Amino acid sequence: MKRELIINGKTYQVDAVNMDGHELSFVFEGKDYVFKQRKNKSRLVITNDHLNHVVRCSRTARNVQVNIGPLEAFVELPGAVRAKKSGGGSGSLKSSMPGNIFKIFVTEGSLVKKGDKILILEAMKMEHTMTANTDGRLTKIFYKEGDQVEGDVELAAITPEKDAE
Amino acid sequence: MKRELIINGKTYQVDAVNMDGHELSFVFEGKDYVFKQRKNKSRLVITNDHLNHVVRCSRTARNVQVNIGPLEAFVELPGAVRAKKSGGGSGSLKSSMPGNIFKIFVTEGSLVKKGDKILILEAMKMEHTMTANTDGRLTKIFYKEGDQVEGDVELAAITPEKDAE
Amino acid sequence: MIRKILIANRGEIAVRVINTCREMGITSVTVYSEDDTNLPHAFLSDEAYCLGSGALADTYLNQDKILSIAGQCGADAIHPGYGFLSENPLFCEKVTTAGIAFIGPTPESMLLMGDKITSKKKMAEAAIPVIPGYNGDNQDNAFLMGQAETIGFPVLIKASGGGGGKGMRVVHQAADFPDALEGAKREAQNAFSNDRVLIEKYVPRSRHIEVQVFGDTHGNYLHFFERECSIQRRHQKIIEETPSPALTPEKRAAITASAVEVARIIGYVGAGTVEFIYDEADNFYFLEMNTRLQVEHPVTEMVTGFDLVRLQIEVAAGEALPVQQADIRQTGHAIEARIYAEDPDNEFLPTTGVIEQIGMSRINGVRLDSGFCDSNRVTINYDPMLAKLIAHGMTRTEARERLLLGLDDIPFQGVKTNRDFLKRVLSSRPFNEGNTFTTFIAEFGSVLAKRDYSNDELALIIAGFLFYEKDTPVSADETTAQNAWDIISGFRNV
Amino acid sequence: MIRKILIANRGEIAVRVINTCREMGITSVTVYSEDDTNLPHAFLSDEAYCLGSGALADTYLNQDKILSIAGQCGADAIHPGYGFLSENPLFCEKVTTAGIAFIGPTPESMLLMGDKITSKKKMAEAAIPVIPGYNGDNQDNAFLMGQAETIGFPVLIKASGGGGGKGMRVVHQAADFPDALEGAKREAQNAFSNDRVLIEKYVPRSRHIEVQVFGDTHGNYLHFFERECSIQRRHQKIIEETPSPALTPEKRAAITASAVEVARIIGYVGAGTVEFIYDEADNFYFLEMNTRLQVEHPVTEMVTGFDLVRLQIEVAAGEALPVQQADIRQTGHAIEARIYAEDPDNEFLPTTGVIEQIGMSRINGVRLDSGFCDSNRVTINYDPMLAKLIAHGMTRTEARERLLLGLDDIPFQGVKTNRDFLKRVLSSRPFNEGNTFTTFIAEFGSVLAKRDYSNDELALIIAGFLFYEKDTPVSADETTAQNAWDIISGFRNV
């Protein structure tokens, strides 16, 4: 079986994935790997040859966070990947962090230049100014002042225009 | 509702037990008690008035172990109580600990005196000699040398006899 | 004698105070907002009262509500922690007027040190070296611009009323001054309800070195040595240590003597921290005094062996400090790393989520001061600091290595944190060499970049994920992702 | 240079060595019996090998199997922990013959100190005070009885070949001697494959005081001060501390000097412990030397700041001890409590079961060295010690209070332990007053009795149980009890 996994934002191909009871084998970047599982209640230990690796995994909304000793990785969930791909285009303005919309400087329909202040997000008593990432027309603002938003959601749409000057 | 609970080996009556959502009330030794529950996942916090008590409970084969701050109690399970009551009589010899039957000194049918060595139990490289708890006839030995036993199980039966001298 | 303490704070510092109360046999009382019902400070105390929900002004900053709870529960002292009401002289006065001991300095000390103007003036008079700057009443924008030009760029704009990097801006040239001033004032207003700012000379390559001092009501003034807190992002400390790798025994003697002198001049009572700017030529300048316990106090505790919260409580009870200066020694080295819910790869902006698994370290000499436990939610309503991990060792190298391993043991799964970034700082060569200036992160950005994993490391991660997935099917199409989110959100109101 | 260490042990001491390897960047290799597959030492190491199942002789005492694993994995050193093969000179020789470093003393030191006969002779020659006794080859029962009468009752019968209270009997009168001798010999044979015993004068009210010493291959001999281990049940230590409350500075200087002299006389290499009997008249007598790390070594680590396992590894690598005697200081006080799976209300006999919840302490200065983690099974096949909790404080009182609170935090639910008994000892007045003799438990039995709970306390327990029962229906009629037991037993083979 082939698998495609997005780990820390990069896409990797895993080939010949085979799970046989407590044994897993696969091919990655041309090399064969075999791992065994030793599980007791919620604790997961995997071994290759005699090497021990204690694996801790937790699921968040979009990822599975995997920690193995000093290694930390966020493996994206297949569905989340699709959702992201279908998300806003190049002119969309996404929230830099979860927070409150503290102030909006521009109105829908106005022309903006790259670097213009669009709005201020506020979280944990800290402000963050969001600026236009392209020249164009601000076609839509999805929130109003005082709204609370999650991180990485589309706040406004900017349509690049030829005459945007 | 009335409840009878055996806590650390003693029996207690609890009256007017009423569980209403997150609120519990009962009468114990003539005094009214009201407790509220604050539960998050596996953590159980109970409060009376504004006093916090973090409760930890684990079930073992015969008890629920309850720890609340410095308090520790073993609350017997109703079934276990009955089982115990129906167990061997006064002349029965129960294992003092889990272990192996290392040596048996007497044979079935022989007469024994209180204090006579019956057998040696061995656990964790340590010996414990079990002696007769009454004068009488050793009517039954339930195990043989080399057997492994749990703690507090009947090992042998001694029937008190008038002529046991 | 203090028998019952109300802790007017939340998170790790509230838990910290609970622990010492527990050791001293003092009843601890905590307060918590409805959002915080499942946080440890709400249930680890002996007694807890809900402050309801709403803005900070309605909960942790609601002086009347807190005072009324103190009266209701019969507390004989209030510990304010740090932040919140800890440096508020009005609150302090209200507390003492109500016949309750305030575990902290007098309102006079707070007033003096809280406004940076008079404090610097007073220190300069007493021949304590101070940094050049303008600390005046005139808050006119144009006037402040003029002052900046007189001092000479680069300058630092700082909120008079607070700390923690809020309302603070470095300005390198006159053209950037007006915008920076406006932003600083607005942040200051939001954070401290006071938009007053001061301007001072910015020393670009300097160290932040501070001295822990203590005074009592019997005229004793002691220091518990220094802490170096130069590793900062957005003017907020993220790694602190003691001893400072920069100080010679002579400089240590000089800077600690200055700090004790500051405490003595103002008749300081309780725990305080005198902060200095330490430049490349080994000059130090008085910066400010924090009239409360600091976030980074554990490194001092681990190196001196004293419980600073216990000393605070004893001093507030009117006892004399139970120790002489000569009995306070530095043994070994301690380093603290602050775990923030933030994304170092996204300008250190805050993150949120549910903490699924904190983890726990098995390394000796490692201490975790956490305000959260498993399945707690991190929201945008409070400070993004989740916990502090502190490691002690016989040498700086040992402390550093223990801290690095300790950080591996506490992944704080579920919320993006700065943990990996902290590891990169701690394992970098400049940190190892003690080349620690407040510009550290900007200066050594390239050294601090995340490295790519090798193929064998990636294979291990892939294997871990696939085994996990086998027992816990994961996918995030619209429906299940929504469900997962609902489940997580559900914890909030349980 | 040592890069890879095989740890030939199990449980908490194996985990202890893993931790230091981790800090030193050394690869750790562990071995485990099939029964122990889920114990921490089997998975916290970098590399692990299964020893199969069966008797100890087939697993942890199987010298050939362990040596073959060491060869297979390329270990350059073996750490034997304590017990098992740690004091076996033959094993030590096999290891060094195979070109692998043995982390411990030379076989000659082991031989000398392992048999109590020659060791006492040698010490007496060197003017080290020794306890009167018979240590000869003649093991004839009647002859030994004669020796006991010559020494004068009470006497102590002890196994020559080992420790841990196995094969040990106190005999108060001649009539009890034959039975006691027979039992001691049989236990000795089972535990150490050697039924040889020695007889010595029993000092009824004495303290057990021992000194941690270290030698290296460069002729340096150091001590790391004393430990007092007087609180014992069945001749096995359960509470240990340092400094000893009994020693004056002069006595401390004398006893540590004697211990260093013992190490010097025999050219000792590595970590060793010289044990003394300390009587009511402040005389001390050499008892024996343990040529390995002790169970109670953490109290020394907490008070001196040194990692003794690190020093062992450095010495085994041929390095000189990195410290001078004057740099080793006692800072504060540390107390250790050993958690045993045993029932203090049933003659301290062992118990078994599945550990459901260990818990974890939030108290500063508290360290848990555990060989078990949640859901591990405790069986009758191994030593009943589950873990050690160690607390450090600036004073003995602070350490004691921290240890008491720490014990509350780790209920080790699921298996009956001696935890509550340890708390009763630590909170008793005689312990508080340092009135600590090896007869402590017998002498103060009435003080150590379990107190009854008040009605309010019982009500709290009842409430806790009823809330738990609501979400987790419990009952133990024949069927469900059997099921519950099956479920628990099932873990064993997972």
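Observations on the structure shown:
Per-chain residue numbering starts at 1, and chain names A, B, C and D are given in the order in which the chains are listed.
Here is the rule we go by: contacts are C-beta pairs under 8 Å (C-beta built on N, C-alpha and C of every residue); 3 or more make two chains touch, one makes a residue touch a chain.
Remember, it's a predicted structure, so these values are computed and weren't measured experimentally.
Ranking A-D and B-D by contacting C-beta pairs places B-D first.
Remark: chain A and chain D have CA centroids separated by 51 Å (rounded to whole angstrom). Each chain gets one centre point, the mean of its Cα atoms, and the points for chain A and chain C are 30 Å apart. Averaged C-alpha coordinates put the centre of chain C at 41 Å from the centre of chain D.
Counting only residues that touch two or more partner chains, chain D has 44.
Counting partner chains per residue, chain A shows two or more touched chains at residues 39. Pairwise, the chains that make contact are A-C, A-D, B-C, B-D, C-D. The touching residues of chain C, counted against chain A in their complex, run 166, 183, 186-187, 190-191, 343, 346-347, 349-354, 356-357, 359, 380-384, 408, 411, 413-415, 419-420, 423, 453, 455, 457-472, 474-478, 480-481, 484-485, 488.
Every residue of chain A that touches chain D in the complex is listed here, in rising order: 38-41, 43, 45, 47, 50-52, 54. For chain D in complex with chain A, the residues that touch the partner chain are 29, 37-38, 43-49, 73, 373-375, 491, 494. Interface of chain A with chain C (complex): residues 3, 5, 7-8, 12, 14, 17, 19, 24, 26, 28-29, 31, 33, 35, 37, 39, 44, 46, 48, 53, 55-62, 64-73, 75-83, 96-100, 122-128, 148, 150-151. Note for the complex: chain D touches chain C at residues 15, 19, 22-23, 44, 301, 305-307, 331-332, 360, 362-364, 367, 394, 398, 401-402, 405.
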